[in-house]
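Order of writing sets the labels: A, B, C, D and E. Residues in every chain begin at 1.
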């Protein structure tokens, strides 16, 4: 059945409404129609948690400390891409080059200092991505941080490099910083909705967001008074992202497979282009993870874009 | 009748007193005499609110979340230009290229942190504007911010690029920051008048200002003791802008069409080159907005520059 | 009589002791012997107050808000040069090019934040000055500001560009910042004398200083104990500037013409190369201002350099 | 016997799993198989303590103040490389060039200010390393410092230069700063384990770490509850470094040679690629130091990589 | 007798142990063997006090305000070099070019703000030094300042330019900042000894230090417990500077000539390469200063390097 949906969408309809330079279109096509579900949806395996959270995240599944685990999972689980930083890419890509597209994550930081004035510095460049044969770059923008001027200015240079080199740009749009906290926190609909729009305004091709939560009452109006269910909230942020393709994050690991799958289905029903599930994939043992990817594939196959 | 006023002004008299490089003159001519009222006045549709304020601004008219709305309105409402950032330009310009001039807004920020030390970082360049076929760039300068040195220095580089590439420079001259607040706030005549002059001194071609309000008594002298009516205040800031063409902002949406039109007439009577009305346009349903643009056109047609 | 003094000094004696690159010598000669008194003295009309202080400064003479006023005054009053920023230069130079030398002021700021940590950012470059046919650039250095490291570093780059492009460099050496205030304030002999020396050490060609006032008792020794009259103080700072030509500022407007002229005479008697009088010129009505310039010319004509 | 182990490993097996550019592979081969134990292990003599701690460190052995001491020791003790800054390299390398590989340490700072916001500025470049014929560069990253954004951004540029010039990159991954202190301090398993992973994520070829200590109870979970012996802790951080080769630091001088050797053996048994012992080497008198190196060689010879 | 010592050392033995690029060797040779004592010792006349301290320093000898004074003294007193900034160099070098080597001081600041977070910005470049025919550049490094990262990073770029252009680098290694004060102050043996080592580690060719004073009891151990006489302290810092040639500063003016000469003798006996005496030279009347230089020459002549 996947074959069919693939056939149905090999024309790249998800890109038809976008004015893209040749290189960017080629690479996006490869991500959307050349790998993974290959029907215009995306299933990305991220691995930047080792930098962002430290080895802590791997305690549940020590095998995942070895990046071979994720590369094997990405290939055998037929992901659209693996998203990681230059250190992991250079050390582990070798055996998998050509078999799994790479989204090179360009910036990052540790979580040792708190996030009150978060800013994520780049330690790799779009040229690194080209050199490594990547089909996209990833860049975190801490939406609403007191140091947003540093963040946005640096982002702007990366965006221009992407333009120059025809590289798709995936923005991790993360509300963050003391003012975000004062307005209800990073997970609220207010924060995620703003982040979605920021990604569009700043020129992302794809945006990674988190599922928006109910507002705890500290959000600015009109969000504070809004009473919307989970699906309505998801649809809202997808709409706010405009023509930017939305990937929802998997967040912390959930043991209940069925719940994970219900979440994926919900995301796709609400207009997402796909999912970026890391810990919910690679914190399972390999075979369980693989089994889960198959069931996610089944869902995505029913949602050609 | 519009035809006539157009005929009367096709000679570009508004530019005759300006010494302009060829590219800049060509592009300004296109904005002033090639599109919109085409009589030396300007009617610009801005759309940077999604970045500056978040999706909040669109709640009144959800249709406006889709940038096609503004592009259609800009074209059908015969605006002089649409002003927006690189993300929206790249995603939506495609179907409208050549039909509506673009003013590419180069910098911006969210309103999540407060404005005590406001600074607006650039995330696009004058070269982006050239690449996209724009006829101008927009740049926010937070006049009087404690971080004005960062702001002005960056502005200076953009200005030089505009010079080099023949690109008209529209400055959003916004008084902002804790010291502006201590001196009466961003809306006072003192603040707007200073902003107008700053735009001239810094080399803007066009400046976007807000209608100056009465001083609440905290402005420095001689402003504090000044007792001037709305028209006198407007004329004063237009005069302070010198040869820089002044666009007044529409600010928040006003439901009363007649009041909006009275305001436009007042602006034009007081010497403005035109208006930059965003929310007061695209927060109406499409047909009402279009109807309103026609009535604004009628006013501007009577004020050839 | 002016003709004579001009004849007497056409040899450029004020430049004879200086080792100057060809371009710099040519341009300085033009300022000193080609325009204005043309006898090695300088009479410069500055117009950066609109940026530095806002339109406030023009209330006394609204006609001066229109920069044509100053350009006409500079030409008809036979000034050595007009000193202003790129915005005013580009908009008003057109009709006067070749008739009045330009000193392009490269940096500036508003006075909305206080000066405790003053720094003056550049918004134009030496290349702008070349492009506009200027015969000099102006650059403010806030001597003693807590952020002097930013200031001096940026100044250094401008100085090197001046060297490369043969452009004379006029330094507005302004003591400023909380530490200057703690040591008696910006106007004291201590502060002005230090500023004069800083200009020499940093490589200025011409320095603009203020008349040094008596120390109020807060200056460091030996200044605090010094008891010197106005003339001795002026001679001291001229001496501290070494081979850098000193222009004294006119400061706020003084109504008494005779007093203004006495001041000019005192400055010249004490070794100044000339004066930089702005508000004391252009805040008078045009004819009075013109009459005053003639009397200043008479004084300068008696002081060939 | 060393000859044999050398023979056994001349094939460069430690590099076989790495995808390396030609220059980097050549230089790493030289470090691992061309000098020192020459069996895939590393024994590096560092000398940056004079900058990092001042001459204080040399009081125990004043002879070591003369860098000839360390160069002679590095050559006669058959180290894999000597690691020091550009000042020492340029002044002392002359007599030893070709006889001992150089790892040029690019950044550093004094310990006069405390480390609450530690950042280590570069004062040499990868091009300096090339010019001096170095086989690697060293770069300190203060993991978790509040100023990690400055640190990581600068690191990123050095990393790219290493890529461009084929230069192996040895990262001194040092947890540091007030937040590290608040979470148990720089020596804990939590901190060292995070540092190891950061080095891998950031793209180090080799990482220098300290032996992880027991957590004093302030580390985040799951580290706080972990009860692991010294060997288990060492193995953990080696595992967290992935394919990055780990060198453990010798730290302060220990008088008991047997204890030092037990430590080396433990490091190697736990998977280290080698050791970077400075003070534990050059704070002994020359002959004792040389004798100690021989015994370290004996241990390393038994651990071909 | 000077002739002899010169003959004895024309072979440049002080440079024989150094690996130097051709340009650097040529220029250092000129300083050490081509001018001044010409026997491998150095006698440098510095003049940066006007920037660093203001005109205050010249009150004792107003004639010294005119830089001709120092240039004449440098030439007639047969100094090895004069060390000053670009402003003074460009204005006064003309008449002396070729007769006295120039060490161009690249950075500097005023002493108006205190030194708690001292940083010294560059306002000239190594290319300026080349253009002016200098035989060296001078650069202040505030060792231990809280802003050492800015300082060291900028220094690093200057060092690389020196390498590229073959320019000797003289480091003014000045302990400074609030942490230095907390540890006993800038003049202690601890501080000067650390500064000496920092100069060596950072790659200086020559370092300017101050005579180390007894520690007042606030220095870190082992310095606090050290009881060493003046000569032992001097020898210690010379040793800590390694192959970097040490110049000791004269500091404030001392009236007693014999005491000054005893100090010079002590410095040379303790291994200094020479002295950098400014105020102790140019604050005397010209003939006394000249007489003093002759007696300093006599001392240096007995200490060929």
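Keep in mind that, in the parts below, a residue touches a chain if its C-beta (ideal position, glycine included) is under 8 Å from a C-beta of that chain, and two chains touch if they have at least 3 such contacts.
Every value quoted in this text rests on a predicted model; they were computed, and no experiment measured them.
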Distance in touch steps, counted as few as possible, from chain A out to chain C: 2
Touching both chain A and chain D (chains): none
Chain C on chain D, rotation in degrees - Cα superposition, rounded to nearest 5: 145
Mean-CA-position distance for chain E and chain D (Å): 36
Where chain A and chain E are represented by their mean Cα positions, the distance between them in whole Å: 57
Chain B residues counted as touching two or more neighbouring chains: 150
Order around the closed ring of chains, commencing at chain B, then chain C: B, C, E, D, A
Complex contacts: residues of chain C adjacent to chain B: 48, 50-51, 54-56, 59, 62, 65-67, 85-88, 90-94, 108-110, 112-114, 119-125, 127-128, 131, 150
Residue ranges of chain B touching chain C (in the complex, touch as defined): 17-19, 143-146, 148-153, 155-156, 159-160, 163, 175, 177, 179-180, 183, 190, 193-194, 196-204, 220-223, 236, 239-240, 242-244
